[in-house]
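Below you will find the structure I want to go over with you.
Chain nomenclature is as follows: A, B, C, D, E, F, G and H, assigned in order of appearance, with residue numbering initiated at 1 for each chain independently.
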């Protein structure tokens, strides 16, 4: 279909493979992209893939997708083999923020990064956060996912030292304004240096984490990360497990 | 001036005297109101009284005003004699929030209530708040004043048990949206039961505290509060000092 | 399910038990929370529980829920035994505001507080309000629920002396802006000391009332309120019925 | 100046003479319009005429202007001779709303209509309004001027039977949103049939009243209103004084 | 049902009977109101009555309703007998604005007023408007209904002399912002004296027209309008047919 | 100054020379740009050049600027020699829109295009527009400049056949929302094919006209337009005067 | 149906035939318009025609419609015979923007213009755009269709010389704000002379292109374009194929 | 002054020293903070320090401040000794964005980081960016500063592999909406993984870069960065100069 020009070069260019954002695309368009991926022997990540759309895909495409209903993500082809653990923590304020947090987790996993996952630690019960603070601080990169007032982001911003990527969610109603309040609160945080993503954009937060991992490798001489491959997922024999400190 | 109908009955009706909101009023209008107050032997509180407007008032009026430049409030006539201590704490997130917090403090003082004042305890340095938490929790009413992300309100909301009155401030820029973000974050807080006032409305927060004090007296049999009187400010011989617990 | 960290300590900490806000949570998540509550022998309040979600819950959970379709609230386990009457009035401007008002009523009842309920007294027919004004003024705490122009809040604000908690509703269309106009009108009210909650947040208004009741007890020496218990609802033999004055 | 095409035919066409909205016009442009008016022997109303702009006008123009500093309006040439009394009441909620209310009053007076003026009757002290309600109800047309929550408009809307023209003002701060909240509250009023004008648009409200007076004359056979004339203002010998009923 | 206090006195007080705004009310609430109306032998107008809600009403109620699917209005009981013709024109810019325009027409008819109806005369084809301009100008009251840019309102405002009531509609997309742009354009119109109603509020526009008719009667001695009666609709033997001029 | 990289190639690339938008630039930055222009023997157009900034420029720069105070534009160096007449009309709704309209006129003149200028033809007096309609229709490109309701744009959109470039202005107050209403009304116009520019962007409208002229030349074989030159402005011996038809 | 006044004269007046915007119109209204078109022997373009509405039309109407499901457009009657190629390019940033782009393409085709179509060249992979830049630059008119950040428009604005018509789309979520961000970015573009249309308004963009083609013909002597005719679509024997340069 | 609780522990806790945001603070408050810093022998960074405020500070404080008028920043005490070069590039789209970009540069310099600075490379002249692309790509961290459409951020996002921190600026007018459009465009970018800061927040962008540098050191074993010291700025003998690759 001439309407599609997949950016297969993106992985080499910026270290992040193009993903397929399925919302707003027709089933025919998604199928055409998957045909293209198969022809090029590429694995692709699908985001915002509704169950109904998954069901409407051609059977062979559908069968080739490892689907997660919570995050509405699919792996078409094998994700990258596991490459590291302990580098990125995903911290979600409430139970309702979990789908967005899982989207970030799955995006990282597709790229070979296994992240820590800590949920329901919103500041209305501060002990829930403080009881796990040392665990969170052990990660050099933290993704904070929160809706409503997003106070979790500011509290974390004053307590953790490394990269803090913030994802506002559309959780809440009325004055939460579909996530706009959480977004603005993160942007206007009293804590310095927060990196903010779009509302509900777990995928983008994971990509920002990948960029930071890429920066770290470039700054300190680690060889560049391997790319996801369609032909092989695989064992985690060679992953770099970062000791917490 | 026939354009003015001062609501002197308000104190008796709802327990809060009408104050003069000076912003947007001409000097002539303010002077006419003060004439009226003098004629009726009433003390009045003036809010949002800019120094330039104060200077433009007739000399005898100006001299009769106890002015506070930080909060831009004036007492015209003697405030109510001191009636209680230790019932209301005012907690300000940052140094820039102090003018609004002081407006609340002065409004309460005019009504005979001496409040506690705790400033610069924003959550970017959480230790600043936790180190004073027991002190704050000792007050049955807390007024939280915060701009930008207003995360202080949510954190307090999860930690204090009594009435929590929240005042967003217009401190901040960009995504702070002139206080709208702080306002929305307080309204959409993950902590339950926050009572929210208008942006920069320290006066309104104090009035909400006065309403709660009135409720408490009605619920538990204390005789109703005396009114501010123009003829006498006075000693604090008979104030009820609430022991912290 | 590791995604859930229920804040059972909240009742002891701030006097308000954590409730389950069901909107945006999956059936599986809600069921897991109820399992946790049962294991801990706790009663919990469920809000924004749609009938379809109720039906989708496991049968034993569903049967244990006392459901109110108007307010979309459920009591899982027995609510607190009745503790007081006559302390809180809920005043709704129009018929369409009733669901939000009932959410407040049910939240208070779950905590052992029986409130007065007065509906359809909007200011378009002022006689409806004035004919019941004495009744409303007898309550030391008033929750005003109104959409559209929310003029009821300002009129009450000039007439009642105690705590006035205002809940804007999303009733109306066009310039009502989904409740934003009612919210702003309450915040910018010409009457002083209104305490405002989020749009449609009947639950939050009830919590604000609980905080004020807690403040009143602390200020005047009443022992602290007992907690809701799963094992026993019960008679109202010992409630404190406040005489109207 | 070829940039100006004054619509002198407007009075004949729609019964309202074109006025000069001075904000945003240069002194040179205003002077050119006044030259044109003089040449055509027309009186014109100037609105939003700041004192500094008045001072910058050529002396003969300045001297020909009857200026009102409160409403920032000027009559260039004689206004229409007095034509009626008792047909239009202007009701302002607060002292700060007076400038807008006076703009309406002056616009009506320029067109020969003397209006009643009732100020500072906002609903925070409802007695102020009810004590003058019969007086207000005697007018078949009421212009309500209010900022902040604009609750006055809804209360009046439920109490007066005739045309109710509402002017929101930019009085207030924060959630008052520069008059947007008052505007929306008037538009979304629970009282039916309110006719709403732009924020601070006292001129427009007066014009709406003129349209209604024109409608009344057409419906019931009264000859059409005479036009303002530059050559003669004059006595009020022949005005129709409407008896209150 | 104690949640309902119908304002039957409204007709006598302000000349407009309370109508039932059905959106957001439950079927049970609407049925209870109709019971009340029947008991009091009153006819009532129902607005925003969706077909599905109509079908869900008890059969005897449903059968008593004269329903118009285009405007989603119902007459429960007989409307007022026809009282006048030729006083009010309803002018709709486009075909999509017709439902709102018909709501105004039906509201007027319920009150005994037969209006003229002129549709699809938007300014994109100015000849459509100019070809009917004389007809429109013959009416002393014009209701202009328009969405998108609402330019029709401004053009009419410069051409018709009497009361011009403007109803913005939510027709359009994108920058039309659900009717907000039409609303603002009407409020900020370059033509003077437009009276603006809420978005899609055909009912409110009709009520504003009724207020103007009431004003006209009061100003010029016509006896007050009879009320709608449940027992009798009736012939139009005595209507006042205004000759166009 | 290394902060400046002037895009001198823009004229060759897209047919429009880079202009200097002076608002928000320091005097030092503007002076550095002019130095660069002089060094490269280029004429440049300056927009949003406030008189105070002009005065603060070095004397030789200031003297080299042909300044227009109404439009706040300056020609630094000679504008392009006159190249055509009668191709572009600039139509301004009101007197207050003139500064923006003049910015468009000056931008076109700098590029060698002399435009027609027609002001104060807003639709509140439709005769003003219709009396000049044939004149306007004679131009193949029309730039419509209007604030407030911007109804002029829609009316023109239904009457002229060629390119219609619309510039909303920030003229108006309240619901005019700083030009946002005019902008949205133009975007949501009922007339088809309007090309809309940013608020107050007379410069941009002129550039859009230049693009259309370039398109016309490319489509129909006219050689490309010469560039402005610093060394020569000059006579209009060779301009193409388009006969009106 | 008297609610419809089709503007058949529009083609002659402004060179663009009135199209039927089907969203918000009832099936009965659309059918009545088609009846009218048939009676007048006119072909009409239908936009925003949902498949369900198409199915609900009378069979003979439905059969007469050449429907495109992607763009939701229908040709009722034969489109204009092909008149030119190579004049207009439609460039879409992403796959999700295709429906809007196709609406533009179909609108042009209905008017006899065959456009070039280039999709999925968004700037996240700049090579996709640069690899086709020469092709795009060969067209004297470019329609850029983009959602989210709409960066494609600015990049093209700096690279192409002719008319650049920009259509923001509602593609995206959160901070994309339903297309408002793309719209604003296009309006505030750093590249000069962009002509912007309403969100998702492919039809309007095509009309703007038609206006520019009309301008070009008028400027350079080409006879005016023939009109679409119901009786004949037809061969492309006489089309003007513009050589790319 | 008891209103100030400086968070001196912040550097140790999160690696970023508390800075003094001067906007909205009184001169007395700033002076008190500087007293505190001097007493504690700490250097502090001051941001948003207007020249007038600087002049109003006590002389010894003023003299101790190394002030930059472009960025409105001050170093009170010696900044950290130079620690690295070549790690962070600051890329500004236009000349007007320079003040914000310089704030980022100064913040980094205060912390010992010397950044690259590349200005006026906006996409309206894409060659300006491409001609320096290799230089930019050599930096593992890029801070992109842009206003208006912020298209630079998206273009860079598709071309650079490392951390990309985006700062929207308030440069522009009308639809630029004070930076909100640039902010939203960056958040909704078609390029993945952008980290966005508040409008005009150069300070925050620098802090986000510091967090990423901290992450990189933690991930790859570099010892933690030394802190700024008041007693010594000093030579750059030991800095780590990263070779570009």
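Here is the rule we go by: contacts are C-beta pairs under 8 Å (C-beta built on N, C-alpha and C of every residue); 3 or more make two chains touch, one makes a residue touch a chain.
Small disclaimer: the values here were computed from a predicted structure and weren't measured.
**Student:** Among the other chains, which touch chain A and chain H together?
**Tutor:** Where chain A and chain H share a partner, that partner set is B, G.
**Student:** Quick one: compare the interface residues of chain G with those of chain H and tell me same or different, with half as the dividing line.
**Tutor:** Same: when the shared numbers are divided by all numbers used, the fraction is over half.
**Student:** For the interfaces B-D and B-C, which has the higher count of C-beta pairs in contact?
**Tutor:** Between the chain pairs B-D and B-C, B-C carries more contacts.
**Student:** Would you kindly tell me how far, in whole Å, the mean C-alpha position of chain H lies from that of chain D?
**Tutor:** 53
**Student:** So how far apart, in whole Å, are chain D and chain G when each is placed at the average of its C-alpha atoms?
**Tutor:** Computed value for the inter-centroid distance: 47 Å.
**Student:** Where the centres are mean C-alpha positions, what is the separation of chain B from chain G, in Å?
**Tutor:** Their C-alpha centroids are separated by 59 Å.
**Student:** So what's the Cα centroid distance for chain C and chain E, whole Å?
**Tutor:** 37
**Student:** Can you list the residues of chain H that touch 2 or more other chains?
**Tutor:** 10, 13, 124-125, 157-159, 173-176, 183, 187-188, 191-192, 198-199, in rising order.
**Student:** What are the touching chain pairs in this one?
**Tutor:** Final set of chain pairs in contact is A-B, A-C, A-G, A-H, B-C, B-D, B-H, C-D, C-E, D-E, D-F, E-F, E-G, F-G, F-H, G-H.
**Student:** Given the complex with chain A, which residues does chain G contribute to the contact?
**Tutor:** Residues 70, 92, 95-96, 98, 117, 119-121, 124-125, 127-128, 171, 173-176.
**Student:** What part of chain F is in contact with chain H in the complex they form?
**Tutor:** Touching chain H: residues 2-5, 7, 9-10, 13, 18, 21, 23-26, 29, 33, 168, 170, 178-179, 183, 198-201 of chain F.
**Student:** What part of chain B is in contact with chain C in the complex they form?
**Tutor:** 10, 13-16, 19, 87, 140-141, 157-165, 183, 187-188, 191-199, 201, 203-204, 206-222, 242, 245
**Student:** Show which residues of chain E lie in contact with chain F when the two form their complex.
**Tutor:** So the residues of chain E in touch with chain F come to 93-94, 122-126, 148-151, 153-155, 157-159, 172-177, 180-192.
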